[in-house]
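Each of the next two complexes has chain A plus one more chain, namely chain B in the first and chain C in the second.
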Partner chain A sequence: MSQVIMETINLNKAFSLGETIYAVNNVNLQIMAGSMNVIVGPSGSGKSTLLSLLGGLDRPMSGDILLEGQSYRELNEDRLALLRRHKLGYVFQFFNLIPHLTALENVMLPMQFANVPNKAAKDRGLELLERVGLQKRSHHLPLQLSGGEQQRVAIARALANRPAVILADEPTGNLDTKTRDGIVALFQELNQQEGQTFVMVTHDPSLSKFADKVITMRDGMVVSQ
Partner chain B sequence: MFFRLGFINITRQLGRSLLALISLVLAAISLTNSLSISLGYPAQAFANYRHYLGGDIIVYPINIMGNPAASQNLELHRLQPDPFSTLTILYPHLEHEGFLAPPNPVLEPFSEADAQALSQHEQIQQVNFLYRMPGRRQILGIDQLALSLRSVPLDSGLWQYVEEQLEPASRDDALPVWLNSRQDPQRPLPDVGSEIYISVPRIWLAPDGSLQYDWQQTIEQRAIVAGHYALPTRVVNWPSTTGDTFLSEQGYFDLDEVWLQPQDWEHLWQLAAPDLPPAAGSLGLQVQDMSILESVVSELQVAHPQWTIVSVPNLVKQAEAGALLDTFHKAPPEVWAGRQSRAQRAFPLDISRTLATFVYLIAGLLMAARMLTGAAARKKEIGILKALGARRRDILLMALTEAVVLCVIGSTIGFLIAYPAALFQQLTNNLPWAQISGLLAKNYGIILGQTLVIGVLFGILPAWRLSKMTVNEVLRT
Partner chain C sequence: MNKMLRLARQRLQTDWKIYLAALLLTGLTCSAFLLYQSYMEQVGLSYGRRTSELYLIADFQVELKADQLLPAAVQPTGAWRTRPTPELKATAHALRLNSPYGQLSVLALQPAANYQGPLPQPGQVLVNERLAAGLGLPTSGGLPLADIHTGKEITLQIGGSFNSSSATGHVLILYQDLQPLLTNSGFNVFLYDAVEQLKLQSALDALNRFYPDSLIITSQQAQLVAQQAVRDTYQGFGNLVLLVFVFLTLGVLTALLLSFIDSKRELSVLKSIGLMPKELWGLFLIAGLATAIGGFLLGVGLSYVASKIMAARGVLIALAPRHILSLSWRVVLAYVLAIAVPAGLARRATVNQLLYDQPIPLFSSKVTTLKRHRRLFDEELAQGWQVVQLPVIDGVLEGFVFKKEGDRVKVGEVLAFSPGWWGLTYTEYVAIIDGEVALWREDSGILAIKPKTSSEAAH
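This part shows the complex of A and B:
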């Protein structure tokens, strides 16, 4: 029986746009270790906001998130940054690689933040690039890579510090069908073979197909899981 | 890693970085110039004084002691205008406030035996006598201007100085500038080469060994002015009468002293003091090792407590502290003789500091602009780094690296471009190496410090603002 690795407790996030709009409304979730979790729902339902909160990229209005028992609420900005560094990996829809660093340097970046020795970081970076099928492209800049290749580099970067959870925001949303299939297969492989925990926001039914849990959101609320 | 990202950002934004770097270089050049004018100026003054006073250490024939608590045997004296000594010029407060000295100090002229005693010190290379006597310039048989008449031997090196500084043409050029506190501008010194009438007092030796002057029995003589001493001071800027432009002129500090050729001076002395050998009012000592100048002064002062022994650098400081070299008013030539001269009193304006400040402001703004232009790309990059776990201090460290690297390179290049001129002046003025290296380090330190303060402040503020935003805010924008 796997354990709960991440959970939200009465999580709320509201924006004031003339009137108060709840992007995340009293959400209670449990993410199990080694599971594949997909958040779906129409645009504006609060999926990405929830993912930002889970990733510690934004602060909730009320409620709390626990990652491996550590409460986000108790962490100041610096300690939250350290939590992101060591325990979370993030994959963005638009890849968000640092444009003037090579693929290998981008992958090494989180490890260098974590003071991993350069040699070890390089070895691990090359290993991860090989894992995502880009060992021959390690010295290319992001602009010299295709969209699918950039997203593979971003996935390798997210894996760099062996995070507890990888959060992905529409990871296939900006890719063509063929490339998307490759990325989906990669996620599936990482989840099933290596037991990596994923929480993804997606509209992509192919990702939902192999999810352990599909969380449906509407108007900021979880309507099914 | 954040250091490296900072370095990479400099080369990534090469055009903007170069622009900021050039502005920092210009700012450093401006400040170097400004500093070398103000710091190099005492060095120039030191060299001039040394040349003028005949040595590195000057010995005066009276001891001026400082602390009344140090001895009960001291009395307050006031310094009388003493034509033998530049003490009255360099220490003007001694006339008003007085000084402490043993009772009945005697102004004895220096003898060969005194020079011999001083030259016993191993550091003393040469002892020069400075011969002066009091005099007054006469116009139409009336005494007009109190003068000190100084004998200047041909081999003293000062003649070259006269040629350079005091030929009539340059005197005319310099005429509109005067020192308001020390000299009456309505009675300028006679031109070099002109013939003047001088009256000198009878001079006799009192039983206590001091020289006495009798102005009731004067001797009138004609003499040709061989030179007088004009110390170049600051370059002064002042607004023209139309107010639309600034004029610039070299300022001079004139001493009330006329130089006579030795034979003329000796002839006058024989007439004034037929029974006395020429009396020296002060001695100039030349030392071997300038780096231990002050310790030589201390040793000599202990060995000869009856005299005042001062190093020339200290005299320069004293002169500066007394504002002798600084505080003067000047009038533009067109209003020199007119009634407007009072109304048109100009003000000394050192624009170099203002210019340096202005250029630094521009450099700072360019540093800020460098961080702010392409703000969207910057924001995104900062957002990604924060998402990957960079803390606020890491972002600031990255921005700090960029700013510090640019500032160190900019200030060093600017300093290297501008400082050789000041260095040349110091080297050609025979300044001791210890002083040259001290000035070099001090100037570089000031320039690097100021550049860093401006560059870091303006460079880091935008990054500080961006680092405050949450990752989501940054990535959304």
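This part shows the complex of A and C:
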């Protein structure tokens, strides 16, 4: 019986676009440790907003999130940053690599923040790049990499500090079929072999196939889970 | 620390054009400040030197009528009478001359002067020993002098020195050869010390009697005027310096804000992978201070070169360590103020605010009670209700309300929030009582909470 690793309590987030629009409307979710979760729903249903709230990238207007029992609301920005550093890995839809750092330097960055010695960070960075099939491109800048390769670097970076939960926003959205299959396989492997928890926003049925739980959202609300 | 330095270096590399502009601006400002301050200090110093010598040698001055001679014998009253000075008994002209030792007052003797003291040879000067000691005047060799009005120059040999009583003392005694230098106004200058105060007053009285139409200026007055002049000069200078550094602050602030806007995406990534807001602050601080130090050194270098060039052209400028010191704290202050805004924004912003260009509230506050229209809710407030009002502009509510009528609220719960000032401020409305939302008016922005009754509380 696995336990709850992440939980949301009456989570709300609204935007003002002439009128108030609730992107996340009173969401209560439970994410089990070691599970593969997929959030699906039409565009504008609040999937990405929910994921960024889970990742501590944005503050909810009301409600709370608990990660391993720790309330986000109780954390100041510094402590929240430490939580992101050590417990969360976030993969953006548009990769968001630092353009003037090489693939390896990008992957090493979270470890440098965590004060991992340079040698150890480099070894782990190379190991992660090898794992995503990019060991030969470690010294390339993001611009010299294809979209799929950049996404794999971003995934390697998210894995750097061995986070408890990986949050990914459309990780396969911009990729060709072959690359996508590679990434799906990698996620499965990490999930099954290392028991890492995944929460992904996706339109991709090939990812939903492996999910332990599919969360469907509409108009900011969870309609089924 | 190492990682901060590395990140700061990356920031400088990425936005090098912006930081270079800030560095150049700083360099130019610093060199202008140094040159101006050094130059002004030279002006102030020479002014100050004159002032202190006035204080030293001139107790009062008499503006004489045209070609008016001192009387053959001025007979002071009181204690003065017992010790008449040789100078005062002479028939002479008094005049002011410039010298390397500041402005000196000089008594030019008439050929037939009934003068009792030591006499110089024609073309020579005699130096008052007391004054020579006070001013550092030599007692032998040549002494270049210049008329303060005409600028006409003459070098006279110092022919010796003389002693005068403590209450008197022309600086020099010249012979008649100086006649062409004479001007229509003259100075009769006395020394005094505290013991001789009374004598001074007597002498003043005597001069007043002899020259009823003349303006008599005492050295205290002259000194006040000089001090005021120096103060005015420096006051104006101070305002100018303030203005220059306000511009520097605004210039650097603009540059750093540009750099911040330019690198929002990168900063958001750094934050998303766990860079702490306080580390982000440090990042801005290191990059900013590196620019400040670079600009500062550039400024010192530039002003050094400029001072050499100006010295070659006859403008004396002395760069002093204390100017550089006073410059350094000004530059640090300007930079700290300039860094505070972008660093504060970067620090406060959430990852999404940076990533999606959302407004970043620089200031946040909490509101717990009604600020206006209190009298409309006197009764409710008296019963312990909590009433708050959100801003409504042109009939549109500026903010979000999380509660509706009938909802339960707990102490500390956020009821609503409103952004203000184009998103720069963020106000939260917080419950301070347990109760129930009794009133919510979207058209007026009024939200009222009725406290839980005691029976409810017991329940």
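Throughout what follows, the second predicted complex is superposed on the first by the 225 of 225 C-alpha atoms of A that agree within 3 Å, B and C clash if a C-alpha of one lies under 4 Å from a C-alpha of the other, contacts with A are read in each partner's own complex, and residues count from 1 in each chain.
One rule holds in what follows: contacts are C-beta pairs under 8 Å (C-beta built on N, C-alpha and C of every residue); 3 or more make two chains touch, one makes a residue touch a chain.
Quick caveat, the model's predicted, so the values are computed rather than measured.
When both complexes are superposed on chain A, chain B and chain C occupy overlapping space and clash. In the superposed model, A:N96 makes contact with both chain B and chain C.
By the touch criterion stated above, A:L109 is placed in contact with chain B and with chain C alike.
In the superposition on chain A, contact of A:S62 is made with chain C only, not with chain B. Comparing chain B with chain C, more residues of chain A are touched by C. Once the two complexes are overlaid on the shared chain, A:E77 sits against chain B and chain C alike. Contact with both chain B and chain C is seen for A:R157 once the two complexes are overlaid on the shared chain. Once the two complexes are overlaid on the shared chain, A:N12 sits against chain C while remaining clear of chain B. Residue contacts after overlaying the shared chain place A:R85 against chain B and chain C alike.
Of the two partner chains, neither chain B nor chain C is touched by A:Q193. The clash between chain C and chain B in the superposition falls on 186-194, which is one of the stretches 186-194, 222-230, 366-374 or 438-446.
The interface of chain A with chain B overlaps its interface with chain C at residues 52, 55, 57-59, 77-78, 81-82, 84-86, 90, 92, 96-98, 100-101, 109-110, 112-114, 157. Residues of chain A touching chain C in their complex: 12, 14, 16, 20, 52, 55-59, 61-62, 77-78, 81-82, 84-86, 90, 92, 96-101, 109-110, 112-115, 157, 161. Considering their complex, residues 52, 55, 57-59, 77-78, 81-86, 90, 92, 96-98, 100-101, 109-110, 112-114, 157 of chain A touch chain B. Contact residues on chain B toward chain A in their complex (touch as defined above): 1, 5, 8, 12, 380-381, 383-394, 470-472, 475.
Of all residues in chain C, those touching chain A in their complex are 3, 6, 10, 13-14, 265-266, 268-279, 347-348, 350-353, 355, 400, 402, 414, 417.
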